[in-house]
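One structure, pasted below without further comment.
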Amino acid sequence: MRKFLSSAFAICLVIALTPAMAPGESSSAGEAIWRTEATDAGAKESGIPEFFVPPPPFSDGIFPCSDCHEDQEVNPERRVLEDMHEDIQIINHNEKERWCLDCHNPDNRDVLRLASGRLVSFEESYYLCGQCHGTIFRDWKAGIHGRRTGEWNGKKTYRLCVHCHNPHQPRFKPLAPQPPPVKPKNIK
Amino acid sequence: MTKYGKNTVRETKVSRRDLLKGAALSAAAAALPAADAKASVWEAFFQRHFQELNAREMEKVISRLEMEYAEKYGKEIKISTTKPLPGVLFGYGLDISRCIGCRRCVYACVEENNQSRDPQIHWITVLRFKKGDKWVSDMESADKYYNPDKVPEPGYFYMPTQCQQCENPPCVKVCPTQATWSEDDGIVVVDYNWCIGCRYCMAACPYGARHFNWMKPGLPAEEINTKTHYLGNRPRYSGVVEKCTFCIQRTRNEKGPYPACVEICPVGARKFGNLLDPKSEIRYCIENKRIFRLKEDLNTHPKFFYFFAT
Amino acid sequence: MEHTKHLWRAILILVIVAVGYLLGRGFLVPDSFGKYGHYRGDNLQEQMNIRVPRHGNGYESCGFCHEEKVETILETPHRVINCETCHAALRSHVEFDSIEKFLEDPGSYDKTAEMEIHSAQELCIKCHDYQLAKPDDYTTIVVVEHLEERDMELGPDVCLECHDPHDPEM
Amino acid sequence: MLDLIKHFFIALKQVFTGSRNYYIWIAFLGFWILLGLGTYMIQLKEGLIVTAMRDQVSWGFYLSNFTFLVGVAAAGVLLVIPAYIYNFKPIKEIVLFGEMLAITAISMCIMFIMADIGRPDRVWHLIPFIGTMNFPASLLAWDVLVLNGYLFLNLAVVLYVLYRIAHNKDYSMAVVRPLVIMSIPWAISIHTVTAFLYNGLPARPFWNASILAPRFLASAFAAGPAIMILLFQIIRKISPLEIDNKAINKIAELIAYALGFNLFLFGAEMFKEFYSGTVHMAPLQYMYFGLHGHNRLVPWMWMAFIFNLIAFALFLSTRARENPVTLNLACSLVIVGVYVEKGMGLVIPGFIPGALGEIYEYSPTNHELLIAIGIWALGALLYTLMLKFVIPVYTGELRFSDGMRVSAKVVSGQEEPALPEQGAGGMVPDQGS
Amino acid sequence: MEPIKEKIVIPDRGAGMKDISRRGFLRAAMGVSILGVLSSVLSAVVPGKIKQALASTKLQPEPVRTGYNPYEHYYSYIINLHKCIGCGSCVRACKMENDVPTGFYRTWVERYQKGEEEHARIDSPEGGLYGFPATTAGVEGVSKAYFVPKMCNHCEQTPCVQVCPFGASYKTPDGLILVDGDRCMGCSYCVQACPYASRFINPLTHTADKCTWCYHRTSKGLKPACVQACPTGTRMFGDMKDRYDPVRHLIEEERTGVLQPQLLTKPKCYYIGLDKEIR
């Protein structure tokens, strides 16, 4: 028990220090990857098992970004997007302070950039979200935040943050509920 | 272990019971024209309690049931009788701060567990509470028939309930025929062939988790889930009680999948795992989150933990 | 006619009892009883006036005299902490007869005593020492380790050597 | 052995010969029994869906009747206590009829249970040693045991006494007394166990009050003897049997105590719930004031309360107790009052609001009513047939000796055996409700 | 006793008024109204001086504040358990503000430590007045711990006011439960009745004493001392009749809970982040 606790505490530390610990080479985009949190010593010790992340939900034909962006000049200026991506609006995500290049890497658009300057692939976007949402990131790693499928005692599939939260409008979209149960009077 | 250990004690009684049974059977056989009485009807009538069946008898019972089901639904239905895994005690977590009340779990459960479609039986009930109201123990303020266009609705929160798989289950205590019992992995199960339908357990359950087949369950053959467990989701009979079993047919495997409701939940509010495994996510919930259990004051010690991940 | 005598006697006793009851009631039941409810309504006013508040209104009160201090701390993570949380209540420092009058014109009141200043060890550690029960996202240190790493020894004001409580970030 | 068979046929003959009114009465009961049986067949075929019971209210009218009848059965003992403890002669003479009522009531209880359960074909699972009775844990298992035990106990007493009388022999008190003494705690236990059946469920706070068992007994000792008083008056009228007024007055006096105690316990319950006002108050609130606009039970409950109150006032006064009109009125009021209070008013509100706070207003369907009426008719028939046989034996008109029927010996001094003539029009006044 | 209890989160202005009219009705029904008229006539006759002598001579350091209408406010309190660090500032502030005698607490902080036992161990050294030691001897294998500040819940349906024989304990129109020290005779029935153990008999005055949400402060527009002193924002105090009050917003939007909800006392002190162990 106490060991678990200390390891849980270790996770906290690890999260705080995540930017400093670069993981190995990120695999190419669009391909499903098995990822072992081997670099996270604390996570390994606490027994967070290897987990599987499905590919991120890109809009059709949008990835790789470098197809278009390779030749373009980087324009770091804050502006209203007009020619492309005008559908992307930031809502409920600190829109006043936020700008594309806070997260997207200006030099190589196929990867994301953490505040520390470290580059992460889109499959590891949880590091990006985890920068600000640290406690949720820790919960997510432990499997408490977010949907999980797979085997309860074996291999598990995690979802990336972006599977449920559109990074530009992260609030969970309301769903239509399924029909309510039949009232007892009407059960015939 | 104890539950199965009991069988050996009971074996001694069996001979006498067999005698009585034999006497009754022969009397019945004599009373009825042999041509009319189908053997399986009598076999079903005199089928013994699940825990008293030895391996050979179990096999016979299962093959008979599979035959019956094949006849009834025109489909091959596999019935497993997997025993509890050693060192496993199932626990369930539900994140109230995430649930949006979309009822996906309710219908996933219906499909997975072959519940009756008409008349409707739902093992999961999603309750809607008003925020700022007097909290969930005041159940009267709950509404389970809410039907808005979109969920979550502002100003409401949702609390799904189902069998809480109590450590100290009042339903098991009251059953007059021991037709329902708590397995070693903590799942409370019902032997649908032993239940007499007195509904005492329904009166005793503080969570409204038990459901009665008021008539022959309306289960369309094409929608049937053929992977079943004897104590779980095999098709039920009229006049017996049924309940959530944490998808015993799925989870009772070393590398079994999550229960259907956990898999379907779009917001990931549902968590499931082994309470005896310190690395499981349910243990993480209990040890790191504020949790509560429904109707804690009744000392039923549910293994169903509601928690707040926020 | 003897019977009427008894009757009169009984009536007399009843009248005495009734008058006594009413007199007693008139004396004993306070006027304002029942003004708002089944209680003495005046007590509401008494409760409001029970004493002059000892604590002030946070930065609003202290800021009248210590403007620059308040301005600095409002820029730091410690802005959520009230002055009086660490220092003592305002009235141990300034004597005032009514908080409203004080707020109207704080300059007219003189400081009666020095503000209490506790040793930093006592104050900082009370909040920032690591403890399991403290929230996960709250900044805590294990004091012993924290000092060992920096080759320091526990003393009354050891924290102040590196941190300023009014601007705690290094 | 041969004699026994002969006697059996004599008894059959006695039971199946009677006046025109007797046949009309039997036919009347038979009609309802057949109707009930037919409905039961439908219920067996369709399932309990034909009732108004649902998952929210999983016990209903059948269990309400069962609960009431357990009380009636237990009340048989009320006659036994003065008869055998205080040796009160007038009652001693009619103890047999009380015990027969108990037998009838218990049989009806068992029938109501059979009507209620979902799989009557599996009832053998309950039989000790053959099935897997969950004996010490389940109160329903206890109930099965004590109810059947009580049935056999009463049957044993009645059969033994009748056998001896019918053979012109004195029955031995050494045999009867222990059985009768045993039946006193047993009668209390059947009702207490039934009360505990509800009482032991923390999920239903309305039942989970320790006052429930005493309230059960008090109401049983009010309603059961009230039924007996009515029955005795009818028996007295239609048969040569003489029942002393003293006996009836004594029973009425006991009803007064029981009813008063019942009302007191009721008040105690009301105070506790409404003064403390916790969530457990909801069922009582539903019963007496309505809950969230649901108030189907409210008029019934107030009616029952007022009936009980009026009946208590009547029973309190000695004059009203001795006047047959007011006595019968009071008895009817008690029976209806307790039937509503303990039947509908106990079982159904236990489920309202349900475990998840849902309010489903239950009221029995026609199927349930017909089956219940059928069972009541069956009970009435059982009691009629028993009376038809027992009264002549008791009065000495019917005797077996050496396999011969001797009808000449007349103890009561009457010359002609006067068989029930009036047809027992109001035989089961409790049936209409 | 009110048989039908409605669930009102924010009672409207008339809540207090209704109470009065109901009581007036009762009195009329009991036939005391005539006596009431008589008594008022008589009490007018009684010399004012005697009355003054009998009435309480309470020190009034401040002139009566005008302009505070208790009917215009309805207070609520939130304790966010996710934020409490157990520093004890609130307890100290309360002691200072209200002259609470040593050894008694109008508000106190408990620490719950969940180990391997069935239930959590609860400790509260001196009500948390001086904070909490990092470890407590004898507590082993603690996996989860948290602080729970507690105080009078200022219930909507008050068991303590209900039992008071003298009308000394009462509910104000703005929703607070107060004790009239002049009428209280210290029978301590209310101390028994309170399910939250928030009342005590003050050893100096020998009357019942409890948290008043610093009525002398709140009626002047200040926050209670404990809220004022809390360094983490665990404690929040607000007015439910103020549409823009953040506390009202939190109660309506967050999943708040109350202590011992099954008693239907309907506390106005809400908790965020309750755990099953807390009761």
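Chains here go by letter, A, B, C, D and E, matching the order in which they are written, and residues are numbered from 1 within each.
We adopt the following convention: a residue touches a chain if its C-beta (ideal position, glycine included) is under 8 Å from a C-beta of that chain, and two chains touch if they have at least 3 such contacts.
Worth saying up front: this structure is predicted, and the values here are computed from it rather than measured.
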{"item": "Joint neighbours of chain E and chain A, given as chain labels", "value": "B, C, D"}
{"item": "Pair joined by more contacting C-beta pairs (A-B or C-E)", "value": "C-E"}
{"item": "Centroid comparison with chain A (C-alpha atoms), farthest chain", "value": "D"}
{"item": "Gap in Å, rounded to a whole number, between the CA centres of chain D and chain A", "value": "70"}
{"item": "Averaged-CA centre spacing for the pair chain C and chain A, given as whole angstrom", "value": "46"}
{"item": "Mean-CA-position distance for chain D and chain B (Å)", "value": "38"}
{"item": "Centroid distance [mean C-alpha coordinates] between chain E and chain B, Å", "value": "45"}
{"item": "Sites on chain E at which at least two other chains make contact", "value": "82, 143-144, 146, 261-262, 264"}
{"item": "Residues of chain D touching at least two other chains", "value": "49, 54-56, 279"}
{"item": "Shared-contact residues (touching 2 or more other chains) in chain B", "value": "119, 125, 137-138, 141, 144, 214, 287-288"}
{"item": "Parts of chain D lying in touch with chain A, wherever the complex brings them together", "value": "49, 54-57, 360"}
{"item": "Chain A residues within the chain B interface of the complex", "value": "1, 4-5, 8, 46-49, 139, 142-155, 159, 164, 172, 174-183, 187-188"}
{"item": "For the chain B and chain A complex, residues of the former touching the latter", "value": "93, 95, 100-104, 106-107, 119-120, 122, 125, 144-152, 214, 251, 254-258, 262-263, 265-268, 271-274, 277-279, 281, 283-285, 287-289, 309"}
{"item": "In the complex with chain C, residue positions of chain A that touch it", "value": "5, 12, 134-135, 138"}
{"item": "Touching residues on chain E, where the partner in the complex is chain D", "value": "1-5, 157, 159, 162, 261-264"}
